[in-house]
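Structure record follows, encoded as structure tokens.
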Amino acid sequence: MASIMFILFSAMIIVFSILTVTSRKILRAAVYLLFVLVSTSGLYFMLNYQFLAAVQLTLYAGGIVVLIIFSILLTSHISQKFESSGWKKNIFSAIAAITGAILSIITILDYRFSATNEAAKEVNMRLIGKSLLSVDYDGYVLPFEVISVLLLAAMVAAIVVAKKGAPKTIGLPKINQE
Amino acid sequence: MSPGTFLIMRHELLLIAAALSVLIAEIFWNPEKKKSISLFSIILFGVVTIIGFLPSPAGALFGGMYISSGARLLMKNILNIGVLLVFIQSVTWLKKEENVEKISEYFLLLISTVVGMNFMISAGHFLIFYIGIELATIPIAALAAYDRYRNKSAEAGIKLILSSALSSGILLYGLSMIYGTTGTLYFTEVTKLFGNNNLQILGFIFFFAGMAFKISIVPFHLWTADVYEGSPVNITSYLSVISKGAAVFILIIILFTVFPVIIATWQKTIFVTSILTMTIANLFAIRQQNLKRFLAFSSISQAGYILLGIIGGNQLGMASVIYYILVYIFSNLGAFGVVTAISNATGKENIDDYNGLYQTNPKLSLIMTLALFSLAGIPPVAGFFGKFFLFTAAAQKGYYLLVLIAVLNTIISLFYYLLVVKAMFIIKSENPIKKFRSDFPTRFALGICVAGIVITGFASIIFEAIRNLSFGV
Amino acid sequence: MNSGIPVQYFLILATVMFFTGIYGFLTRRNLITILMSVELILNSVNINFLAFNRYLYPHKLEGMFFSLFIIAVAASEAAVVIAIIINIYRRFTTINVEDVNEMKF
Amino acid sequence: MINFSYTIWIPLLPFLMFILLGLAGHKLKPKLSGLLGTGGLGIITVLSYITAFKYFFTSEKVDGAYQKITALNFTWLQFTDKLHIDLGVLLDPISVMMLVVISTVSFMVHIYSLGYMKDEKGFERFFAFLSLFSFSMLGLVLATNIFQMYIFWELVGVSSFLLIGFYYQKPSAVRASKKAFIVTRFADLGFLIGILILSFNTKTFDFITLTNPAGSAIAQGGGIVFLGLSVMTWSMIFVFMGGVGKSAMFPFHIWLPDAMEGPTPVSALIHAATMVVAGVYLVARMFPIYALSAPVALNVVAWVGAFTSLFAAVIACTQTDIKRVLAYSTMSQIGYMMLALGVAGYGGHEGLGYMASMFHLFTHAMFKALLFLGAGAIIHAVHSNYMTEMGGLRKYLPVTHITFLIACLTIAGIPPLSGFFSKDEILAAAFHSNKLLFAIEYAVAGLTAFYMFRLYFSIFWGKDTQYHHTPQEAPATMTVPLIILAVGSVFSGIIPFNKLVTSDGKILESEIELMIAIPSVLIGLLGIGVAYIMYRKESAIPDRLAATFKYGYKWAYNKFYIDELYLFVTKKIIFRYISDPVAWFDRHIVDGTMNTIASVTQNFSFRIRAFQSGQLQKYAFVFITGAIMLAILFIYLWK
Amino acid sequence: MDILSLFIVIPVLTITAIIFLKDAHQVRLVSAFGMGLQLLMAASLVFLYLAARHAGNSDEMLFVKDYLWFKSLNIHYAVGVDGISVAMITLTSLVVFAGIFASWEVEFLRKEFFVSLILLATGVFGFFISIDLFTMFLFYELAVIPMYLLIGIWGTGPKEYSAMKLTLMLMGGSALILVGLLGIYFNSSPGGSQLTFNILEISKVVIPLPAQRIFFPLTFVGFGVLGALFPFHTWSPDGHASAPTAVSMLHAGVLMKLGGYGAFRVAIFLMPEAAHELSWIFIILTSISVIYGAFGAIAQKDLKYINAYSSVSHCGLVLFAVLMMNQTAMNGAIIQMISHGLMTALFFALIGMLYGRTHTRMINEMGGLMKVIPFLSVCYVIAGLASLGLPGLSGFVAEMTIFVGAFQHPELFYRIVTILAVSSIVITAVYILRVVAILLLGPTTNEHFEHLTDAKWFEKISAITLIGSVAAIGLAPFWLSTMIGTSLHPIIEKILALNPF
């Protein structure tokens, strides 16, 4: 059962990943990405990380993909088709990617992983909540706090960049426009 | 955890408080008086900087996730000094009409990146390190795109953030391998469990590539020039000095404390990359016309020299790197300060525009010369001492060949620094940049830089203090 | 639990996904699709972390939390990237990455 | 012991005079500076005579030999414990004799110059240079060690340079002075190398130590052999090279005729009487080493002397510039002296040549100075150097005429004038040593008489030339020295040189050998007779002869094209084939390499700019490949 | 304040004073005063030194002052002098003094000119008084850099190119030196005790031979670049030709001596074994320098080029002598440095003065100047005679000491090479006389030259200072030779102890 599910999910992930990066229609690419993300959350379920799977679905699939689609709508025509990129670029990139992948896989397969002997923790919401607020070893309150600063900063950053203001006067002389 | 232990985290807490104060000020401040937010932020940050120098206990918090030690505090303080200088240098620019409404955002974002850097430096766990590094990068990308009406600024922003995303991806992949082979991400535990097998080296190399991106080490440097050129000058100086300095600091900490086991590997890595970095960057720098771009390549080559301090893995090396960063902050900010002042006054950023500058603005020319000489490592200014110690650190471990290549590279770098000096002093110009007088903050910041450039070298106490806090593998 | 599937399978899956993302990053011309490639990359890393955590080191939650925070960071990063992309669109009236090269050499 | 320490003033006085005239000369009245210089020289002459008297007649002899007396010595420059340059005064027969010669001739020339150089621009400069020369020459002869000699040797060279180039606005004078300096400088290189080799092997510069016949220098020097010859021989040949240059021996003779561009008193003093015999003096000074330790070198001396004397005599027969004739004559006579030294041995009757050489040096100084000063008086009167423009001057210049005739007779070796005695001794010495050398010298004696009287007749007899201005006899300042020197030429032959100046300081028994004396006088008379026939009256014989021996005459007239050879070597080889290529090499290869490094760097920098393409994805590509490469490198290739 | 540090303090104070001067005319007075004071100090240093030696102080270095600077690396600010440094300091102050007067009429950016000039001098003084390798290196680089501005701003001809080439090549040399110094430093204590930069302390230990084999060539070539060692001399002709008068003077007169002094004090003194082993390579190079420079000079037409090549030849002789590694030759090397420093400075000063009048430096455009400007011409002749080694002037003393010393070398190869080097004196005579003949003698070729004026008072001061020194050494070399010789003793003893010939 598990292996069937794994095969299913991983096949979906790989296929849709490749489609995402090769599709010539941008909206379709976004949709393929959504499929990848959903399949991934499936894997998370499989690994018993229900919380994370949920986060993946809501934040990633729900948040980011929607954001992406919005921006696509803002910047492109839906049916717009890209001219495919130069074959040289594709070939070289493919070589680089495949080399990297082979290198990594060989190295990974070369390594003998050994599992810990300590007892596994039952991952449930209680544990997650406790760990998230724990200041001790294997506690994550500090990153939790820091990420809040990051989110704040990112919000401000996005606003700063995207804020639309009429270009009133531009103090810089012409020379710098180029 | 008692409240007292928060003292250990003083830097970060104060900075967060400062960031929030700026935010609150932005909300409640009279819109007419927005310009004074600059002053407010600078004073606030100045206070933070000063408090940072007060003696502080060392120790680990959050189960070892947060580590504070003398060296790390020192690094934070050095960064604070640099950030303060950048802030002061930005005042003139922020007064411009198109920037006025975003002053508080500017400070807020920069302070939050400083928070990120401080957490990064104090990290005892790769998670904190990762979040720190992202916090130190993402807002900067926004700031690089700060000039919303300039194409180049937007281009710089996108190039920075996408490259950075790619590099964090690779870094994360490396980290995942480290996690997979050791089962932990706490620094102290990784050290113990780290071996010398292929997968771990793969993880390390990917991790190193990510870090090398931040420090702009060849071949991970290509974003640097474009981003530096496109960003507003103050952001460029911030990127070249503070971001780079912070990344160097954490790299040296991690290499020394987390990866001592594979010292042979990272020494080889650094050997190769530092030669590449110095040489390629210098070769590129020769041809540059835009001063920001020019300084970008210069700063890449400086990174190559800095690697010489790291490669030895000794206490002297760490001391020389920290010292060099300090010197580099003063020197580079001196150079960028002049570029900023001239850019603000005239909008000119090309080397050709500087022809005959000495005739009209002798003081700026002299400061620029001093800063460039310091970058080139010419005595008696501090850069000379900095470079000398870096080379000494590498030579101590027998890397004479590397030192030789490095010093030969300094000749190339001297060549292009002298090109700027030539423009300012020697070449005559039909219409040189008019004589102008900078406002107080600019002069103040430049004054501090000059003092730093001159004093840091001679005052051996600074180096000795740094050395006492440093440690080797 | 999932004993039937060796951890290496997950790793290989993640690696393939990772380098697919990289391929996309290197070849796609649209800035938004490049962002999507980045998301693929981050996702693959998450798989790694979770697989390791579950298979090898289930006594701690480091992998899981790391993934959690990666998702958070990815989200904020995406926000900023999209903001900048929109700005690029305003300035260049295109989001083709090859046209965004005013600065070079 | 007699105290000779006052002799330090002999060289020092002219030096002070030089400093005074050189620094303040242009502020003094010209006449005053001339008188100062002359007066200084007068004092020196007196001192020299006193010294000569005291040395020869009152100083103690040991074993019947004159001793070498170091009157004064102090270390000027310390090289090593043993090697140091001292400055001092060494008195021995030859140095005392030279003192007399130099001071006498120099004094005469000073007086003469007061008249001759009158109204010349740079009068005080002239006397400053003369003082410098006197200082250097005196320092040279009084040297206590070979390095001191070298020092003054160089100084003599430079004062000669300055004096030849006295008319510095005349290009020919400038050329001549340059040539003189460079040629002698090249010869001095040999001298210096000789000194180096000598000092390396003997560890001393000191003459007394070096020339002590029983000393270690002579004993050990012959032992070490390099390329077939002993190092001593090498060093002596090199040292002799210096002498060859200074004394204008073949092949370094080319500067001397040109040096006649200088004022005539200078020619008389430097290029006839004193400086040019420095080479002879040098060999004489080192004679024990030559004779005892380096016979091969001594042989070289003899042959160089003999060849030069013949060679110069032949050329002298064809020249028309009277000063040049005299110059070649000088070379020829110095060749005699060299030859005499070359055939001599150390001590006993073997030393005849040595004595003869010194004797001839002495008499030659007198009569050759006289000849030059006489020539000066003639030139002064007719404003020309060429004997083709002269003739019949006996009517206008009686005093000059008589003194010139005396000098000519002296040089031709007519008894009882001094030249006869000295030349006879030389011929005798050659006769006893090597018959071939004797034959050459015998022929040269005839040639000498011929060309001197060719000169004499052409000037004072011959055709009656019309002059623009009637030539007038020179003033007393010029004629008085002529007369004094004429007296010297006549009577100096009676000085008993064999008792005073010998190779080992002991008395040498010698007498006139009629077997040699009579033929030599006869050939002298023959030469005079031929000259009489050819030049007494205007005649076509010389031209016919010249036409008959067309090529021989042309070669001799053109000085056997040695100058051209030198010119070829310097201009073509040194300038064109060494210097210019070196300069080119430096600019294009050495400097070019540096510039190429720079331009290659720049070029390379331009080539790799494609990396910085501005394309985000290319950057990323480099990033990824970089990371993968590093990983492959450090995991699999270089672990 | 110790007397040696005053040699740095006074120039620095002079610079400070100049910077704060408002009146441009006072600048040169202040400079002249400052450097005059420096000259007096140098004179008194000579007396103090001789007095101390006379009183029986037989330390290797006198007036030693040592302040710990960077404790962790054991870097000191350490000064001290022996006879050699005293001689070099005196030379420097003479040349600088003369240089100030030679540049009396600099109009353009006068203040900056004198500041740079004195800054350069500061570096040189610092170099000569240092006995700590670090400070030595610091001052060395300090002396090189102002050259760039001095040539670039106030030079003539292709000044930017020349200035850049000169600076880069010299810095290239210093790059090699830096590596060499680090190598010496890390081998300065084979026993494992405290590493040191102090020359005196290092000289007491034996640096391991394998290390010496690497670092001796680096150091020697590094200093050799500044000493115009073939084939690293090409900065010299262009640099000198483009430099303004005083800079040429200082550069050829003093700065090039840094090379010789450094090669001697650092490369050979500290690493005698390798020096002995490898000397033949460098002997060949230096002999080439000597001959090649002289031949190169013959073919030149520009006065400054002639002199630059001549400097290559003469400075080659310095390195040549140093490599002979015996007392006499080294003594000669030091005297040659001083002698060449003085006379080449004189040359450049005169060339500058001639150029200021005739506006050309090409010898074939000039002629017959003796008649028009006798003072300068006579000075030129004297300089020329000094250069070709006329006895009574300094060149003779130096060259003869070198030749005699070099010829005492026990190996035949070295003696034969010496003979080659000796032959340079003839070539020197050729080019010197050629110049003198074309330039000064003969009829005046250009009618514009008829109205030239002779030297002004400040030019006379400059020329006479130098001629006086040249003549003083030439006439009375013994005190200088002795002063240097006694200081060489310990050095030679060290060398001899290690390489018994």
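First chain written, first letter: the chains are A, B, C, D and E, and each begins at residue 1.
Following the convention adopted for this analysis, a residue touches a chain if its C-beta (ideal position, glycine included) is under 8 Å from a C-beta of that chain, and two chains touch if they have at least 3 such contacts.
Quick caveat: nothing in here was measured; it's all calculated off a predicted structure.
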{"item": "If a chain touches subunit A and subunit B alike, it appears here", "value": "C, D"}
{"item": "Middle chain, criterion being Cα centroid separation", "value": "E"}
{"item": "Label of the chain whose CA centroid is most distant from the centroid of subunit E", "value": "A"}
{"item": "Chain pair with the higher count of C-beta pairs in contact (B-C, A-C)", "value": "A-C"}
{"item": "Chain whose mean Cα position lies farthest from subunit B", "value": "D"}
{"item": "Distance between the centres, which are taken as Cα means, of subunit D and subunit B, whole angstrom", "value": "77"}
{"item": "Chain centre separation in whole Å, for subunit E relative to subunit D (CA means)", "value": "37"}
{"item": "Distance from subunit E to subunit B - Cα centre to Cα centre, in angstrom", "value": "42"}
{"item": "Centre-to-centre distance between subunit D and subunit C (centres being mean Cα positions), rounded to whole Å", "value": "96"}
{"item": "For subunit B, residues contacting two or more additional chains", "value": "127, 131, 134, 138-139, 141-142, 145, 148-151, 157-159, 162, 166, 177, 180, 183, 198, 202, 225-226, 287"}
{"item": "Per-residue overlap in subunit C, given as positions that touch at least 2 other chains", "value": "11, 18, 21-22, 25-27, 34-35, 56-57, 60, 62, 65, 69, 73, 76-77, 80, 83-85, 87, 100-105"}
{"item": "Residues within subunit D bordering two or more other chains", "value": "609, 612, 614, 616-617, 620-621, 624-625, 627, 631, 635"}
{"item": "Touching pairs - complete list by chain label", "value": "A-B, A-C, A-D, B-C, B-D, B-E, C-D, D-E"}
{"item": "Subunit C residues within the subunit A interface of the complex", "value": "1-2, 4-5, 7-13, 15-24, 26-30, 32-33, 35-37, 39-40, 43, 46-47, 50-51, 54-62, 64-65, 67-69, 71-80, 82-87, 89, 95"}
{"item": "Residues of subunit B that touch subunit E when the two form their complex", "value": "316, 319, 373, 378-380, 384, 388-389, 391-392, 395-396, 400, 403-404, 407-408, 410-411, 414-415, 418, 421-422, 425-427, 460, 463-464, 467"}
{"item": "Footprint of subunit A on subunit D - complex, ascending", "value": "617, 621, 624-625, 627-628, 631-632, 635"}
{"item": "Residue ranges of subunit B in contact with subunit D within the complex", "value": "158-159, 162-163, 166-167, 170, 198, 201-202, 205-206, 208-209, 213, 218-220, 222-223, 225-226, 265, 268-269, 272-273, 280, 283-284, 286-287, 412"}
{"item": "Subunit A residues touching subunit D - in the complex, by the definition given at the top", "value": "89, 92-93, 96-97, 99-100, 103, 107"}
